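Each structure below appears as structure tokens.
The same subunit A turns up in both complexes below, where it pairs with subunit B and then with subunit C.
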Partner chain A sequence: MTALIGESLPRPDALGKVTGAANYPADLVRAGMLHLKVVFAGRAHARITAIDTAAALAYPGVVAVLTAADVPYNAFGLIDHDQPVLCADTVRFQGDKVALVVAESKRAAAAAARLVQVSYEDLPIVTDARAAMQPGAPLVHVARGSNVLFSIPIRKGDVVQAFAEADIVIEDEFSTSWQEHAFLQPEAGIAYVDEQGRVVVETAGQWLHEDRKQIAAMLGLPEDQVVIRYAAIGGAFGGREDLSIQHVLALAAWRLRKPVALVWNREESMIGHHKRHPITVRCKWGARRDGTITAVQAELLADGGAYASTSQEVTKVAAIFANGAYNVANVWVDAYAVYTNNVPSGAFRGFGAPQAQFASEIMVTRLAHALGIDPIELRRKNLYREGDIEATQRPLPPGVSVRECMEAVVTELRTRRIGDGGQGREQSHATSHLRRGIGLACGIKNVGYSFGYPEQATATVELYGEQAIERAIVRVGAADVGQGTHLAMRQIAAATLGLAPEQLTLITDDSSQAPNAGSASASRLTLMAGRAVHEAAKAALQQWQDEERPAIATVQFRPPATTALAPVTGEGTPNYCYGYVAQAVEVEVNTLTGQVQVLSIISAHDVGRAINRQQVEGQIEGCLAQALGYALLEHFQVRDGRVLTPHFSTYLLPTALDMPTEIVPIILELADPNGPFGARGMSEMALVPLAPAIASAIHDATGAWVTQQPMTPERVLAAIHAQTQAPRAGSTE
Partner chain B sequence: MSTISVTVNGRTYQSDVEPRTLLVHYLREQLNLTGTHIGCDTSQCGACVVHINGQSVKSCTVLAVQADGAEITTIEGLAQNGQLHPLQEGFWEKHGLQCGYCTPGMIMSAYDLLQQNPNPTEDEIRHGLEGNLCRCTGYQNIVKAVQYAADKMNGSGNSPGE
Partner chain C sequence: MIPGEFQYFAPTTVDEAVSLLQQHGEDAKLLGGGHSLLPAMKLRLTTPAVLIDVTKISDIKGVSVNGSVTVGGGATYHAVASNDAVRSACGVLADCVAQIGDTQVRNRGTIGGSLAHADPAADLPAVALALGATITAQGPGGARTINADDMFVEMLTTALEPNEIITSVSFPRLGAGAGAAYEKMRQPASRYAIVGVAAYVKLGSDGNVAEARVAVTGAGPKATRQDATEAAITGTNGDDAAIAAATDKAGEDMDYLGDIHASEEYRRAMVKVYTKRALAKAIAQARG
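Let's look at the complex of A and B:
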């Protein structure tokens, strides 16, 4: 039955999704439920002087208006509980919640929400990350005494000496912008108190048991008095990791003891949930004439927005990838996340890795140009090998395969005769305004939780029958946000048990029925939850052989331990597994308009073992679309703390026409030591190298480097003009 | 309140609707046909595409009263006698969906496309689906799903509009 591993079985959930029968959170709303409307702050920074709810309460059909006083424990957050559920005295960003109006109809709730009178005294705002670090800057959280939310140094070797001895040193600054998850299903859900007196929240999320924990804490209830159930989830990408509506639904249902529904529109979704961190990277790279990269110094500055969310972790991830996937003896990194009055930044596919490697991959290509070495050769010389030491002074976890990924891309490039690997290619349209170029980049991203955060996944397998096993139940609290995890779990369990996939019942979406498998994040579920399912299935089989009927086994899987980074040196073991990727792209740049069309993408991934090849390719292709949007189109704009792009009419997502018709996913299967059947995570990696690969291709086409993301037509055009007018400033190449 | 008469998936309804009710809200909230999704409110995403008198329309841009007297098909009405439409099969077989939220609108748009052009090229498929956003798949398998349906519909001799 291990033949099931790798097989492209179709998804069981597809039937409901192609017929319209699948229930997403907004489909759970029933007649008779109360409707909740959030009253947002609508301003970046202010003191609340009064909240008058009388007019709203008097509106026909209004049942209640809840404010901070109604929240038992008015603080939440994935790491720091620094965010109020409902603001009592201060609002710190546009999307802060001030009150909840609950009414008998959606319309009454919306109308009454406009009647909630909040009196504000505006406070000075700080919306620039660097300005937020200056003495005297307005404080976002006064009690903290500083806007620096988090900082981490990483020190390896002696960069001063290394730069002094380097034959070539280049420096530059890169910036990336916010990115909106734009899952197509806006936040929605229902909540009620069930006959056992438990508050039940049915919604979409990424981690049943974490949602439960935070909501139980907010309500002051034991965790088993809170039940989280996930409906069909319409995408997540990190955007459902933080609580957005789950807690306020629970609060209203618990307070009123009645079923309550909430469906956000797109604008509420865009303003109300966190974004990818904008990060500015100032960096300096040094190398010897022979192509050995000897030193990297970098300062990373992340705009964390008004609340911490996962800023600490994102900042650390970005910091450890300041040197990309390259073995560099001397590394000096200072990374900061700061509070501002912008929308909070948090988890988004890639989690800090894309921002850091936008800078590092461009720097490696530029070093190659400066040294007169083929960028592929320079990478061959410096890419991580098995046993190399990370910037945190510990050996990489086993299974280092970034070289194999790059070689697969190089081979594919040559097979397809797309350029000659990025060097000295003839311009097919040398005299035209349409110029083609090729770019290549590599990437690294952790799989699973990092820096000593407790990492575990638990699964239960139950076997039923008399002589032979007739059916099995697999319980694993792992969210399928669209990525196909439930099918992967089914294939792993069926293969381990020697059963047909149809003989299994999966219980995955109820915190009271399925054990905690951790979050659908960090590309971790196939490895972590999959391994727990695999081990639980083996243990249940053993019990079955020992004549137990039914045979029931629960296994908690823990991977090799990671450690916190030391506060002064950053020393430590950050991760137990990495995913590796390499990509090449061909682009066509319109030198009159600055528009960039991506013509083809080759993306090679070491996935350890593809549990379902079709699903793996789907993840690569989908991630590439998000990466292409991030690189070129998706320009989330905020001015003075106000979001200027709260709709899909102004925040542009890639359409079928923006994607190249030629996408070549290459799947390498170099087994991971911990993954089930050798599988390792892969769902984020395609987002890491695409933007720098496109930047290199734009340079190949035009001679200009674009160092700001997204690489909008205006920025591309400005770079082309600057390049034709003067040699690039700030570079000694 | 206005009274409208519409035929949805072959069944006729007389309904009282507020004049400002959007067709998508009428379908979802009054008829409980929740397979038609709302993704954006500004007519960009196409998750709400249905057919009015055989033509694909974003149902968030149409008032329910404008559909008075019309025949409407939603995703729930596409399978006939328990038999999936080739497009539904295609999206399943070719992995043209992940989260699935865009899928009903994609299928309804693709249906209209194949009605007008039974043998579309890849480029024509991409142009035909330009008004539908997908955040999960990167569109590659959506194109393959539509090609699968076109092949099947042509091979079996069925007209796409049947």
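Let's look at the complex of A and C:
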């Protein structure tokens, strides 16, 4: 039955999702439920001087208006509890929640929400990360005394000497902007108190047990008095890691002892949940004439927005990838996350890696140009090898395969002769405003939790029958956010047990029925939850062979330990597994308008072992769409703390017409030592190198470097104009 | 996203519509396809007490081609885009409206509605200016005509009186020796013009450009003729060098608006790019 591993079984949930039969959280709303409307601050920074709910309460159909006084423990957050559920005295960003209106109809709740009178005294705002670090900047959290939310240095070797001895040194500054998750299904859910007196929230999320923990803490309840259930989840991408509506639904249901429903519209979703961190990278790279990269110095400055969310983890991830996937003897990184009055930044597919490597991959290609070495050759010389030492001074976890990924891309590129236009290309460049170029980039991103955060996944497998196993139940609290993890778990369990996939029942979406497998994040579920399922299935099978009926085994899997980074040097073992990727792209640039069309993408991934090949390809292709949007289109604009792009008419997502006609996913299977059947995570990797690959292709086509993400037509055109008028500032190329 | 309350009328004749306008004055708004008005109402940027739906007035929905192309104020974009006679008599008009918005927009949006609203990013005002269209409006005192050149006064402001309704718009037939084109950079989601340029040229018997009109939309507060470009191309043989010289003068003397879609500076650059495209296409068409 191990034949099941790798097989492109069709998704059991596909038909329901295509026909509309699937129940997403908004489909759970039933007649007779109360409706909740959030009253947002609508301003970036202010003191609340009074909240008058009388007019709202008097509105026909209104049942309650909840404010900070109604929240038992009014603070939450994935790491620091620095975010109020409902603001009591200060609002710190536009999407801060001030009150909840609960009414018998959605319409009444919306109408009454406009009648909640909040008196504000506006406070000075700080919306620029660098300005926020300056002495005297308005403080977002006064009690902290500083806007610096987190900082980490990384020190390896001696960069001063290395730069002094380098034959070539280049420096530049790169900026990346917010990215919106833009999942198809905005936040929604219902909550009620069940017959056992437990508060039940049925919604979408990425980690049942973490949602449960935070909501129990907010309500001052033991965790077993809170039940989280996930309906079909319409995408997540990190955007459902932080609580957005789950806790306020629970609060209203708990207070009122009645079923409550909430369905956000797109604008509420855009304003209400966190975004990808904008990060500015100032960096300096040095190399010897023979192509050895000898030193990297970088300052990374992340805009954390109004609340901590996962900023410190994202900042650390960005910091350890300041040197990309390259073996560099001397590394000096200072990374900061700061509070501002912008929308909070948090988890988003890639989690700091895309921002850091937008800079590092462009710098490597520019170093190659400056040295007169082919960028592929320069990468061959410097890419990580097995046993190399990370910037944190510890050896990489085993299974280093970035070179194999790049060689697969290079082979494919040559086979297809992409960009090999020869004389024709030179001619077209002389006469046409449409110019083609190719670009290549590599990427690295951790799989699983980092920096000593407790990492585990637990699964239970139950086997029933008499002589032969007739059916099995697999319990694993792993969220299927659309990536297909439930089918992967089914295939792993069926293959291990020697059963047909349909003989299995999966229990995955109820915190009271499925054990904690950790979050659907960090590309970790196939490796972590998959390994737990694999081990639990093996253990249950052993019990079955020992004549136990039913045979029930619960296994907790823990991977090799990671460590926190030392505060002065950044020394430590940050991760137990990395995913590796390489990409090549061909683009066509309109040099008159700055418009860029991506013509072709080759994306090579070491996935360890594909559990379901079709799903792996689906993850690569879907991730590439998100990556292309990040690279070229998705410009989340905020002015004075106000979101200017809260709709899809203003925040541009890629469509089929923006995608290249050719996407070539290449799947390498170099077994990971910890993954089930050798599988390793892959879901985020395609997002890491695409933007720098496109930037390099734009340079190949036009001679201009774009250093700001997204690379909008306007920025590309400005870069082309700047390049034709003056040599780049700040570069010794 | 819920509009305020309003009274709704659906007159079936122009006279009825005009008398309703008279009766309700500033409180009333005409409703055509509703694509501009209803979103503004939902956002409560405007809260008219009275809506007069003109889509039931059959007299203003006609499209006819005789000596000129006459389009009713209530004719939909689709009615114009799909009319073969319009396409052969004045292809640029059909081409322009065929790429407005999407199918749903073209099935409801009206010619009169677009011109009366005068959205700074609408396509039709540029084409009306370049073709020298004539707008017929009816008010309490009867009908009058307005030249396109006099129509667009300021952002979202036209020469129409509050109690007037556009009954028809007349566009010229493009005969032998004439050519016109509309080229635009569209905002990908709304398809509004970030910059749109309409160009019309008429060649003389010597084959040189005898007459030219060029108009820009999307770049500034209102659709604007490009006098310097027109002057520069007129009298030339319309070759690449002449087009390039005329293009250089495009957008030099006009007001720009920057927004989240594009800065003023970018729009200024795009006016030249799209002027060149529109002029080249119009001249090629005029040569047959």
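Structural remarks
Just so it is clear, the second predicted complex is superposed on the first by the 722 of 733 C-alpha atoms of A that agree within 3 Å, B and C clash if a C-alpha of one lies under 4 Å from a C-alpha of the other, contacts with A are read in each partner's own complex, and residues count from 1 in each chain.
Basically, contacts are C-beta pairs under 8 Å (C-beta built on N, C-alpha and C of every residue); 3 or more make two chains touch, one makes a residue touch a chain.
It should be emphasised that the depicted structure is a prediction, and the values quoted were computed from it without experimental measurement.
Look at A:110: by the touch rule set out above, it reaches subunit C but stays clear of subunit B. By the touch criterion stated above, A:148 is placed in contact with neither subunit B nor subunit C. In the superposed pair of complexes, A:389 makes contact with neither subunit B nor subunit C.
By the touch criterion defined above, A:15 reaches subunit B but does not reach subunit C.
When the two structures are aligned on the shared chain, A:649 is found in touch with subunit B and with subunit C. Judged by the touch definition given at the top, the superposed model places A:637 against subunit C, while subunit B stays out of reach. In the superposition on chain A, A:717 makes contact with subunit C only, while subunit B stays out of contact range.
By the touch criterion stated above, A:593 is placed in contact with subunit C alone, subunit B being left untouched. More subunit A residues lie in contact with B than with the other chain of the pair subunit B and subunit C.
Taken together, the two structures place residues 265, 648-649, 655 of subunit A in contact with subunit B in one case and with subunit C in the other.
Across the complex, subunit C is touched by residues 107, 110, 265, 592-593, 633, 635, 637, 644-645, 648-650, 652, 655, 713-714, 717 of subunit A. Interface residues of subunit C, counted against subunit A in their complex, comprise 1-2, 185, 188-190, 260-263, 266, 269-270, 273. Within the complex formed with subunit B, the residues of subunit A that make contact are 8, 10-11, 13-24, 26-27, 181-186, 232-235, 237, 265-267, 481-484, 614-615, 617-626, 647-649, 653, 655-657, 659, 661, 663. Touching subunit A in their complex are the following residues of subunit B: 28, 33-42, 44-45, 47, 74-76, 78-79, 84, 87-89, 91-93, 95, 97-104, 107, 122-123, 125-127, 129-143.
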